[in-house]
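Shared chain: chain A. Partners: chain B in the first complex, chain C in the second.
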Partner chain A sequence: MMLRLKAKALDFYTYPPIGGDDWRYGYAAARVRALQTQMIPKSTLVDMANAGTFEQAAESISTTEYIPVASKTLAELEQVLIAQRRSLREQFARLMIDNSIVKLFKTRDDFANMRLAVRRRVTDKAIGTDYSSQGNLNPEIFEEVFEQEKYELLGEHIQNAVEQAILAYYTDRDICRIDHIIDRAQAEYNIQTALKMKSEFLTGLFSIKIDLTNIITMLRLKFTESEKRKVFLPGGYIEIERLKQAVDTEYDSIGQLFYATPYYRIVSVGANYVGTEKSFLKAEQASENHLSGYLNTTSQITSGPQPVIAYLLQKEKEIRTVRLILTAKKNLLDKKMILDRIGE
Partner chain B sequence: MDFGMALALVGAGLAALMAGIGSAIGIGIAGKSATGVLSEKPERYGQMFIMVVLPGTQGFYGFLAAFLIMLKLNFFGPEGAITITTTLGWQILAASLPIAFAGLFSAIHQGKVCAGGILMTAKRPEMAFKAGVVYAVMVEVYAVLGLLVTMFILLKGINWPTPV
Partner chain C sequence: MAANVNATRMELLRLRKRVALASRGHRLLSDKRDEISRQLVQIAKLIQPLRKTVEQKLLETCRRFMLARASMEPEDNKSSLEIPTKKFSLAVKFSTIMNVTVPQLTKEMEGQIICYGFATTSGELDVALLSLEQAFDSLIELAEKEKQAYLLATELQMTRRRVNVLEHIVIPELKQSIRYIFDKLAEAERDNISRLMKITDIIRG
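Let's look at the complex of A and B:
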């Protein structure tokens, strides 16, 4: 009911409101504002992508916190970046005054761990312990949970997701159903938690993420001419009926269906590119840019959790981009392909 | 102590107390933001300092008004405090209210403006004075107006009895 009420409220032009100031966060907001000035500028990322070799690409960021990446193997590079991300998340946890927000963001790893564990469980592979340790749940309990079916140890929201995912798999024998059920459970949990916290920013953030995921899903369904229609996530601003209708519309007319939404440009550019180039690149790039645009609006907030959350997400994206470029350079991939991937 | 003197002392107390509370809150807000930026950019200390201390001025204005009231009541003279009527007590209390309230609210809002200026200085240090300090001073104007009204009433609007 709450989800339905929120989804009707499309009363903004480009981005939903981000809420007001919370003066408890004066220190945290100021600190991330200073940290944002130390982030790698776009021009440096482009230089990295244009560099001739891996070493030259690594040299481009030699004055930043990513110094140790030069002359490393891919495995070592991966470890450096994982350590960077861990340290970023620890810093986020220290800066956030509301522990419930830290917990909410940690559930991203819980759901990712569950996706892997459930896949292993249904394909009769060993559950193992090689999971992310940055979630709320201790990966050491997973073996006990899945082997003895003690799903209640996972907490109510994860338990429901896992049980539904296993059931859905055995009903259809389709491994993709696991991802879909867990994505859906995660989206619902995020939105419900944000609404419970009465956080306008988090509600907007998760709703935008759901919309962008649904738009890419819609384009994928159209491209693969799939008959599946129950794969859209609930809780976004766009009505699911509109997305279903878009799947059955010609590529060059899909954009018109979204004319009254903030996603018109993403959909029209993305759909035309899929239609002509058979690639989702433009849709994915436009989605990333839209999300970044929303995060950038937090610069209007002098004190509040919004800039801190935005910094976490922006910095995580930076780490992903550095990883993408350096991995591509190690594997001698084409410059244009890397530049296309890192976006505008 | 008669009722008039009690009212006058309440006035002096309110001027110092409320403006002081406002300044403490304002400096607290600006100070938290400044420490956040300084933890990553200690070289910006000089630019931050003025924006942190600006909300403190209201506390001084309140103290000044309170001191003036006590001076006029001859607290520090050899003859001791003068005797005042209830009407005069009310007048002194009323005189203290402009700086008490203007000080309280302007200091808090000035603290917020300074916090915004501090955050801007983290990214655009060249704007520290142009926007950060100037905008904060514009809030300060209203505290100064409050102080002026208080002083005009105390110095020109009240017919003080002479010490015996």
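Let's look at the complex of A and C:
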């Protein structure tokens, strides 16, 4: 792991390699290719953003798998989208032959649940059971785990993260430290598991995600004039020193620091937008586009887990985009703001 | 009122004193009314741009928050905002404007408004929360001014009623009673004189 974290030489131009074919995934890859044709095209999303009202925006996707949502409230809309995401994840679990990959993606919910549970634990609030049920851990055991401090029931990786997070909180009583420790543990766990599976694609995917998170974090630290520097995640392609240096650089010059990396455009466009518009819409949109670009390269794979994972992530992004546009339309937000966020 | 009044010289003197007092009160209350009006106009002039600023800032905060909320996963939304770290307390002092007790608000804030990690949250959430933090100063000033305006307006309405009552009811009625007593006393005087003249005529006859 340490070797992986120290090796920073980039041996690719824009996207890291995605690995080879795995012929066990012939059916899954073909199924995903068929499902990808049913995804909402970019032009429809732009039409939704340009629609005059919420009803018109909802009407644009009424022919897709999203049920007509024109008459629904935001809370009902949220439930529809959560149900959509749940069925997507179930479909992903059915299509994946390697259960370890399903488990790996389910840990996202475990770590999210832990952020909430640890916060409640250290602030002496009731642990409760209102957590995401789509993780590997059953939320009903959380009360027992935290009240009796039986952290071993959570599994080794989460146990370590929780113990470190609690310790970090009591060191300086800063609630943000819980999230930073759990974020770091999650990033390390993802990279470690991907390396253990010897999956070139997953290693590349998580490294890109870490880099993109670090870049946005760098812009956020600069925008909020925060003094925190230990919040960058390890395991990306970009050196953390470069990110720390970028925090203390002017917005106009930040892009130059990343000139030799695949993220030059994201950083320069994002930093300029933050500097002029005081908003992260462009930076977030550019980083999502970069990740989508990497996921799109899985189309070169005839058969393998890569297209299935790519479909899961692209579909989750689509659900978030639909939520974003409909929420924006329901609240009469500016069209330009939506288009800036979805990238048109 | 005139019908119930005792037409005596004592009552006449008492009513004259009351008219003088009511006139003095009327003059003082008129001055108070004018001053409160002036203060109210000044505060209203301050409130108008302040309210626009606050509404704009809060609208911006809501917009950013909506965008952040929509672009984040629901479970991340929940965990990031459930335990706030910013503590906010409001101290209220009182001062007087034209004998009206008005509040003066001062805020005390401690802790960071950003209470979450960066990996699973949107940057727009930072923008929304910082915008909300900045809006607090204007929001508290607006609350203070609006409360002052409300209290002054209530006092103005009450003072205006008092002035109107004195001007249109109390003083005219007192003057009417004085005139009535004066007339009654004058009539009694004339009656007395004529009676005396009649007695004189009888004695001389």
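Simple rule for what comes next: the second predicted complex is superposed on the first by the 335 of 344 C-alpha atoms of A that agree within 3 Å, B and C clash if a C-alpha of one lies under 4 Å from a C-alpha of the other, contacts with A are read in each partner's own complex, and residues count from 1 in each chain.
Here, a contact is a pair of C-beta atoms (placed from the backbone, for glycine too) under 8 Å apart; a residue touches a chain by one contact, two chains touch by 3 or more.
Note that this is a predicted model, so its numbers are computed, not measured.
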item: First, second, both or neither for A:123, with chain B first and chain C second; value: second
item: First, second, both or neither for A:242, with chain B first and chain C second; value: neither
item: Which of chain B and chain C A:103 touches, first, second, both or neither; value: neither
item: Which of chain B and chain C A:112 touches, first, second, both or neither; value: second
item: Which superposed partner A:328 touches (first chain B, second chain C, both, neither); value: second
item: Which superposed partner A:132 touches (first chain B, second chain C, both, neither); value: second
item: Which of chain B and chain C A:265 touches, first, second, both or neither; value: neither
item: If touched residues of chain A are counted for chain B and for chain C, the larger one; value: C
item: Residue numbers on chain B that touch chain A, as the complex places them; value: 29, 32-37, 39-41, 112, 115-116, 118-119, 122-123
item: In the complex with chain A, residue positions of chain C that touch it; value: 62-64, 66-67, 69-71, 73-76, 78-80, 82-83, 85, 112, 114-120, 122-124, 126-127, 130
item: Partner chain C, residues of chain A touching it in the complex; value: 78, 82, 109, 112-113, 115-116, 119-120, 123, 125, 130-132, 174-176, 178-180, 182-183, 186-187, 213, 216-217, 219-221, 223-224, 226, 231, 233, 274, 278-281, 283-284, 320, 323-324, 327-328, 331, 333-334, 337, 341
item: Sites on chain A touched by chain B in the complex; value: 21, 23, 26-38, 302-303
